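Presented sequentially are two complexes of chain A, the first with chain B as partner and the second with chain C.
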Partner chain A sequence: MAEFVEADNAEAIFTRIEHKSSKIESLLKQYKPVEALKTALEGSPPVTKDERCKSANWIVVHRAIMAIKDIDSLFSALDLEYYDVLMKYLYRGLSTGDRPTCDQCLKIHEKLTERAGLGCILRCLADKVNTV
Partner chain B sequence: MANSLRLYLTCIRNTLEAALCLQNFPCQEVERHNKPEVELKTSPELLLNPVLICRNEAEKCLIETSINSLRISLKVKQADELENILTKKFLRFLSMRAEAFQVLRRKPVQGYDISFLITNYHCEDMQKQKLIEFIVQFMEDIDKEISELKLSVNTRGRLVATEFLKQFI
Partner chain C sequence: MASVSVHQFAPCITCHAWSPDQSMIAFCPNNNEVHIYKMLEGKWEKIHVLHKHDQLVSGIDWSRRTDQIVTVSHDRNSYVWSQEASEWVPTLVILRLNRAALCVQWSPKENKFAVGSGAKTVCICYYEQENNWWVSKIIRKRHDSSVTSIAWHPNNILLATTSTDGKCRVFSTFIKGVDTKHTSSGSDSKFGELKALIRWSPSGNTLAYAGHDSMIYFVDEIGPSPSAQSVAFRDLPLRDVLFLSERMVIGVGYDCNPMVFAADERGLWSFLRFLDERKQTSNAKYGSQLSGTFGKLYGQSKSGSNEANESSRTRAHDNCITSVVPLKKTRDATVTTFTTAGLDGKVVTWDLQQQQDLMEYLQG
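So, the complex of A and B:
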């Protein structure tokens, strides 16, 4: 029964991610990277054990993160509830090893830690249920 | 370049500050035993998510935490074959004297150059801030040391070759 629900969920999640992706592309064309990131982080992380959903979501968030140029304006616009999720995605970005991604993630990580504190990092380490 | 190093070290420092919250936890399986859980990985409820922080393709840092211990594994930048050999030899030299460092692990984790193991006993004896300072300082100094070693090897090689070839002039 759980299997069936998962499969159904995966399809729904993939469609949601595709919608998000197209919305984000249009926002990026309008030079609104902060809104794009907010849209990307909404509904994240997807409530599923399926790795493909998580990867698909990560690709979308990655696109939004790389488009950010001004980090200070990002934090004035982003709500507190998104800090934890953003931190998880930053760590995922740091684990990729790809130079531009890591540079960008390191920059945002420093500012995010100043803003959100060490608790944000610890919640990211401790949360084994909602992994990204 | 220097900025990316600074950001990398800041990220590692912040992550360590958050992750270094260790407490004593006797072994659940065997009575009267006290083992660093991060090494054994027998009970998943005692382990936190491992975190991999990469600066670029060559340098990375893996931080694994558990309830009573924390393991940091570093991969140092190695640009060419000579640096490869120097790094291996130098870090092997340090690892063999791990007793003196207390927090050093005798063998690095697979895929990395050097590893540290910090347990709750270390946190009780030593200050947490100083431990973190030590690790970050170590990372800075390693790069300098390897560059210095490489420079001295090249200088000496050049001198030796010049002297040797003088006899043929």
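So, the complex of A and C:
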């Protein structure tokens, strides 16, 4: 029974992620990369233990992260509440080992650390519950 | 500067405590000994070395009324030291632990003390007059991991603990024959994530705890539905906290600089400022233990490390601060002077009387 509920929940999450994905695509077409990243980070990480959901969400966030060109303007528009979750996704990006992804994540990481401090990194490392 | 005096006692200090009249300090210089220093003619002189433990002393507490020192150590034992003539005489307290003891604190009435341990237990120890012996009562089956910090409620019955299983617990330690009446209303509760330390406010209405996640949490109305607040801050995590008043908390830790947290009129807590002066340059945030690593990561190791050296010279502590202890209490339980000690072996005394911007929180 519990498994069934989990599966149903996963379905709902997938639907939401798909919806989010199409919204991000349209925002990117309108040259609004910061809005796209905000949309991607909203409701992230999904409240589930299902790794497939987390991966699906990561693909969406990754798409938005890679679309960021001007990092300074990103931080002038991004609110404080997104910092912690963005840091988590940056570390996920760095863990992929993919060259362009790592380049982009390191660039954003530098600026984010300047703004949010080392506490943000520590919170990201210490959180074992809401993993991305 | 808010720091009144800085004294280098040892290469490294793991814990410290003051005598009731604050003329003497007891600390562990990161080994199995406890050193007691006294201020004699304006100079700190080592007057006693308490040598009985076999391993690192992890906790010291000096009782205010009975003038006894309790120490706990990784050797799984605890001693209560009382002064007879000019010597400190130890009494062994058998804790019956199979792991290290990690922290100790006298209860407010000082008829009991509590020991947190790596054996997933808390021991409540009390003195049995008829047997002339300290008895340890183990509270089991409550913690799923090491108990890293303990704090007594002012009512002498409730004990708050933090554990590496990620929970804070508040429970009654009523002991028949030692405590006169059972005042607690069954307020056993659990909350929180990975936590490392815990403290009560002077009135016992608010509980503050912090962990390794650069957050500090405040809980009011302990009970079935506690109301919690969390404050995320931008710097390294805390190792110890101290309530100065109902509305002000000092946090010390890996950032080598005490932080001031305060509650506004509505009871909302926030980070106020650092206590020690700190240059607000763009690279100042790298002036911590991680400076080298981050400097290298961003290819700016030169500017980063120079900045770190410079800022550590201007600050009282230059390594992680491990403990903060109140020094003088005014009549209404408000603390204005306190000391901090850390891995750099310094004991720094802080006085907030001159800090005009903080006084409103101390009086409130």
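Some notes on this structure:
Keep in mind that, in the parts below, the second predicted complex is superposed on the first by the 130 of 132 C-alpha atoms of A that agree within 3 Å, B and C clash if a C-alpha of one lies under 4 Å from a C-alpha of the other, contacts with A are read in each partner's own complex, and residues count from 1 in each chain.
The rule is short, and it goes like this: a contact is a pair of C-beta atoms (placed from the backbone, for glycine too) under 8 Å apart; a residue touches a chain by one contact, two chains touch by 3 or more.
This is a predicted model, so every value here is computed, not measured.
Of the two partner chains, neither chain B nor chain C is touched by A:15.
Once chain A of one complex is fitted onto chain A of the other, the partner contacts of A:55 are absent, as it touches neither chain B nor chain C.
In the superposition on chain A, contact is made by A:107 with chain B only, not with chain C. Once the two complexes are overlaid on the shared chain, A:84 sits against chain C while remaining clear of chain B.
Of the two partner chains placed by superposition, only chain B is touched by A:97; chain C is not.
Contacts of A:128 after superposition on the shared chain: both chain B and chain C are touched.
By the touch criterion defined above, A:118 lies against chain B and chain C together after alignment on the C-alpha atoms of chain A. Taking chain A as the reference, the larger set of touched residues comes from B, when chain B and chain C are compared. Residue contacts after overlaying the shared chain place A:73 against neither chain B nor chain C. With the contact threshold set out at the top, residues 110, 113, 118-119, 122, 126-128 of chain A are in contact with chain B in one structure and with chain C in the other. In the complex of the two chains, the chain A residues touching chain B come out as 91, 94-99, 102-103, 106-107, 109-110, 113, 118-119, 121-122, 124-128, 131. Chain B contributes residues 4, 7-8, 10-11, 14-15, 17-19, 21, 44, 48-49, 51-57, 60, 65 to its touches with chain A in the complex. Of all residues in chain C, only 193-194, 211-215, 232-237, 282, 285, 288, 290, 294, 298 touch chain A in the complex they form. Remark: chain A residues 84, 110, 113-114, 116-120, 122-123, 126-129 touch chain C in the complex.
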